[in-house]
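Below, chain A partners chain B and then partners chain C, in two separate complexes.
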Partner chain A sequence: MSPLAPYADPQYFAILLIALIPVVVGLWHGHRLRLWESGVALVFITWMFAGPHKWHEGVALVAYVIWQLALTQGFARYRRNHNATWVFVLAVCLSIAPLAAVKLTPVVALHPSLLGFMGISYLTFKSVQVLMELRDGTMKAVAPIAFLRFLLFLPTISSGPIDRFRRFQKDYDAVPERGAYLEMLGRALHHILLGFLYKYILGYAFGTVMLPQVAQAAMAAHGTSALIWPLLGYMYTYSMYLFFDFAGYSLFAVGISLVMGIQTPENFNKPFAAKNIKDFWNRWHMTLSFWFRDFIFMRVTFFIMKHKLVKNRIRVSQVAYLINFLIMGFWHGVTVYYIVYGLFHAVAIIINDYWLRFKKKHRQSLPHNRWTQALAVFITFNVVCFSFLIFSGFLFLNRLL
Partner chain B sequence: MKRRVWQIFGPLLIAAGLTLALFLAPLSFKRMSPAAVRSASVAMSPTVLAGARAKNQALAQGAVPFFGSSELSRLDPFHPSALAARYHRNYRPFLIGAPGTQSLTQFINAQTMLPKLRHKKAVFIVSMQWFTRRGVMRQAFDYFYSPLETVTWVLKAKDTVADRYAARRLLCMRAVRKDRLIKSALLQVAAGQKLDRPMRLLLEARLTVLHNEDGLFSHFTVNPHERELARSIRQLPAAATNQQLDALAAKVGAAHTTNNDFGIDDRFFSSRLGEGRLAKMRGKQRSFDYRFGPEYSDFELLLAAFAKYDIDVQFVIPPINAKWASYTGLSQAKLHQAVEKLRVQLQGQGFNRVLDLSRDGNRPYFMQDTIHIGWRGWVRVDRTVAPFLAAKRQPVQYHLNSQFFTKSWRDAVVSGK
Partner chain C sequence: MDIQKTVFDILQDLTGTDFTGSPDENLFETGTLDSMDTVQLLLALQDQLGITVPVSEFDRSEWETPAKIAAKAASLQ
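Then we have the complex of A and B:
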């Protein structure tokens, strides 16, 4: 049997939606069919890792889940009576360890890590978040079954959006009113159909039809001064592909969640209409950037201020940005271009901060109208597209630099 | 509540119903305009090559297929399409091939055409560059892959050596494997089983959908090749003998090969080999070897199909630019052995119309660039092809031999003369 690739083709929706019919009927009548939902998730997740090339990923997933379950349960139990920082740090490190191993293995070895499986990053975000909340005391305990359900929630298992435990659990425990559920189904339909347009039509047009052509043109112009034009073409085409492919995927995940009566948070909010880089990160891959904001940027900032490592408040946020985006770069993968991408965004956001402060100081003398706003959107869009050109690895992999 | 349910799901249901009806209806499409057919006959695009409508309408109107690959897009004034148009020949070439089309692609994408070619003629330009150890380039196959033609073939497939071999080969291709229905049908053919009935029904429904898609969505607008061809035609005199054309071709060739010593077209040279890229190619092809590999058996699929439909085929084996070959270190001895092996395969089965130009790589202005025939080369091709297509169709006697589907043939060495 060949493995099932989530949302890869329209057939996936047909199979999944048929399997979810009892869930819909149940919710319609005010019941959540917990067992059936879990059964569907189990079958589908098994199917995703079926076949001779994937089964070892399935084994890795099982081992990973047991590991995270033991960690969170152990830490929750410990946290009832103690709160030593080093235990918390150790727990987080152990939680991240499998992901770190998977990301670092390609640097030192030729084969991918045996610990890896599709979706490991997103499961790690969820686990770490639970540990953080236990540490903060915003969560006192976490039931093993509820944790597994949250971690392995089928619609978002492979690539997010990254939900938060308490938010998810609230939705899960509450069954929506019939009228409200009908509206959710309406939104689900809208999400899935818009996702079709994004991923299967626009993402396909940019990624499968146009991208190889501009890539070819860029390779042909390699070493000549005319390289700039196909390279610009590649930059915009790849950026559009990246957005429509991933935004389409995210719409699917949110849509299917809604069918199951869960309001998974949105991942994109018109990112290319952002008026600066900060604004961009509030609109692009939002659940990831909010996770980084809450659990890296804020924590780093507090840590620095508490220990008075840096006095100047502006410097504090700059250091925090650098660390934040460097980690994000490393998370994407330990390659030059991902790390350069992270640094690029850190520098961009630091420059943006300078500009915002400058603007505040000279508010009277700087014009502000729809033309300047349009200019801001234009500049942001191009800076972002350039960062995606770095991210694509095209420059590095083809030695175009 | 009911109203709201309808508001939400009604449009979806209606749209789904309409789409299904549109695709499963036995639509018939109006004939394409002569201009559209003319455009398609030089388009060489995946839409045309993997589609069915344009190819088949052109053939029904008497066009002759010219199978080949990248050389077909060298549309200089002496290209078959230019000569046929300028001198009002009794045939119009329909170009079937593009950079990257090899035997397996040609075999599959010919499936809807074959019945229309029954008892007719075709021209086939084989490139020795196809015959690498790995055979057809996977990405190129995927690029030109036609589900329509593949389903057409699989519905006709029988339990023969050729069909089992073809199914096995197709199953190596990613674009084919991705399609669950086609994949399982091919697995049945490869195992020598008959397609079961539900499978057959599904495939037939699929074929209807694909034909409708092809009819609804393949549009042919003016393409750059058409403009290039028109420019080429204008350069030809109103009347000329083959010798006069040859002299003109030498003149045009000389005018286009001024910036290098290889007799390579100036524009090709500066865009592909200029700025120091030439030096990197020195000795680069020393290990190239076209004597072995799956392409020989893939090619046999085509021969078996030509024999089955009683098609009289003129084969052309173009040369490789000799100066280029010696610069890149390509072994002439191995090349000649490969050509010899191919000729054994062709002539051993009664395919006697073989124009072997493989030893003409050193003739001036014969090649347009490194491996692509042009100018005087096209004139030489015309000297054989024009009379072949002008003459009355003669009976052919092919006697196929399935040993060409075996590994021992793919690995065999045939010593060159």
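Then we have the complex of A and C:
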């Protein structure tokens, strides 16, 4: 049996939607078929890791899930009567440890880690989030079954969007009214059709048809002053591919969630219409950037300001941005280009903040009209596309620098 | 002590705007309040009203207007 990769081809939808028919009928009649849903998830997740090349990833997933379950249960129990910071920090480190091992093994040992499996990065966000909420007391306990259901929610298991436990649980516990569910099914259809356009047509055109051609043109022009043109071509083509491929995938994940009566948060909101870098991060891979905002940026600034480690408010935000985006870079992978990508965005957002302060101070003397707005969108778009050129690794892997 | 007045004073210190006349303005959509301001707001609530708000408690949709912030602060005190 060959593994079934999520959303890889239209066939996947056919099989999944047939399996979900009882769920739809159940929700239509006001019931959530919990057992059937869990069974479908179990079968599809097993199928994801079927075959001689994938089964060890399945084993790694099972081990990972047991590890995270033990950690969250253990910490929840501890947290009932105690609240030492070091125990919390230790729990978070242990929760991140498998992901860190997966990211570091290829760098140190030059072979992929045995602990790795598709989706580990996204599952780690969910586990860490639960630990943080237990620490903050916004969650008192977490039922093992509910935790597993949240962690292994089938539509989002491989690449997000990253949901929050309490939000997910609220949807899961409530069965939508028939009118509301009908509206959700309509949105699901819209999401899935738009996803087809994005991922299978536009993503394919940019990524599979055009990208190899511009890549070849850039390699051919290597060492000459004409390199800039094919390189620009690569930059824009790759940026379009990255957006349509991932936004398409995200539309699928949200669409299938809606079929199951769960409103998984959206990942994209017209990112290329952003008027500055800060605005961009409120529109691009939103569940990731909001996770970083809420669980890293805000916590780092809170910690620094509470303990008055840095006096100046502007410096505090700059330190927090650097930490935030460096971690995001490392999360993508321990390679030069991912880390440079993180640093690039930290610097871009720091410069952006200087500009916003300058603008606030000189509001009267600076022009503000639709031309300056368009210029802002244009500059932001190009800065972002340049960051994706870094992210693609093309410059580094082909020694074009 | 009047919680509403304290909250509005904190917001005025942070943003330079007096929201007495516009308590339902969406502070996040308009970009009036960013993450940094939010953290300062949470710290000020802790210092001035003795309300501890963990960052996890901070769901933007429940804290998006001056009126909502005042109501939330009152409920947590």
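Just a few scattered comments:
Note that the second predicted complex is superposed on the first by the 401 of 401 C-alpha atoms of A that agree within 3 Å, B and C clash if a C-alpha of one lies under 4 Å from a C-alpha of the other, contacts with A are read in each partner's own complex, and residues count from 1 in each chain.
By definition in this document, a residue touches a chain if its C-beta (ideal position, glycine included) is under 8 Å from a C-beta of that chain, and two chains touch if they have at least 3 such contacts.
As the structure is a computational prediction, the values presented were derived from the model and not from experiment.
On the superposed chain A, the positions of chain B and chain C stay apart, so the two partners fit side by side.
Judged by the touch definition given at the top, the superposed model places A:45 against neither chain B nor chain C. In the superposition on chain A, contact of A:179 is made with chain B only, not with chain C. Of the two partner chains, neither chain B nor chain C is touched by A:71.
Of the two partner chains placed around the shared chain by superposition, chain C is the only one that A:297 touches, whereas chain B remains out of contact.
Shared-chain residue A:128: touches no atom of chain B or chain C. Of the two partners, chain B and chain C, it is C that touches more residues of chain A. In the superposition on chain A, contact of A:189 is made with chain B only, not with chain C. The superposed arrangement places chain B and chain C with a least CA-CA distance of 30 Å. Listed in rising order, the residues of chain A touching chain B in the complex are 2, 11, 178-179, 182, 185-186, 189, 193, 220, 223-224.
Every residue of chain B that touches chain A in the complex is listed here, in rising order: 1, 4-5, 8-9, 12, 180, 271, 275-277.
Touching chain A in their complex are the following residues of chain C: 34-36, 38-40, 42-43, 54-58. Considering their complex, residues 132-133, 136-139, 278, 293-295, 297-299, 301-302, 305-306, 313, 316-317 of chain A touch chain C.
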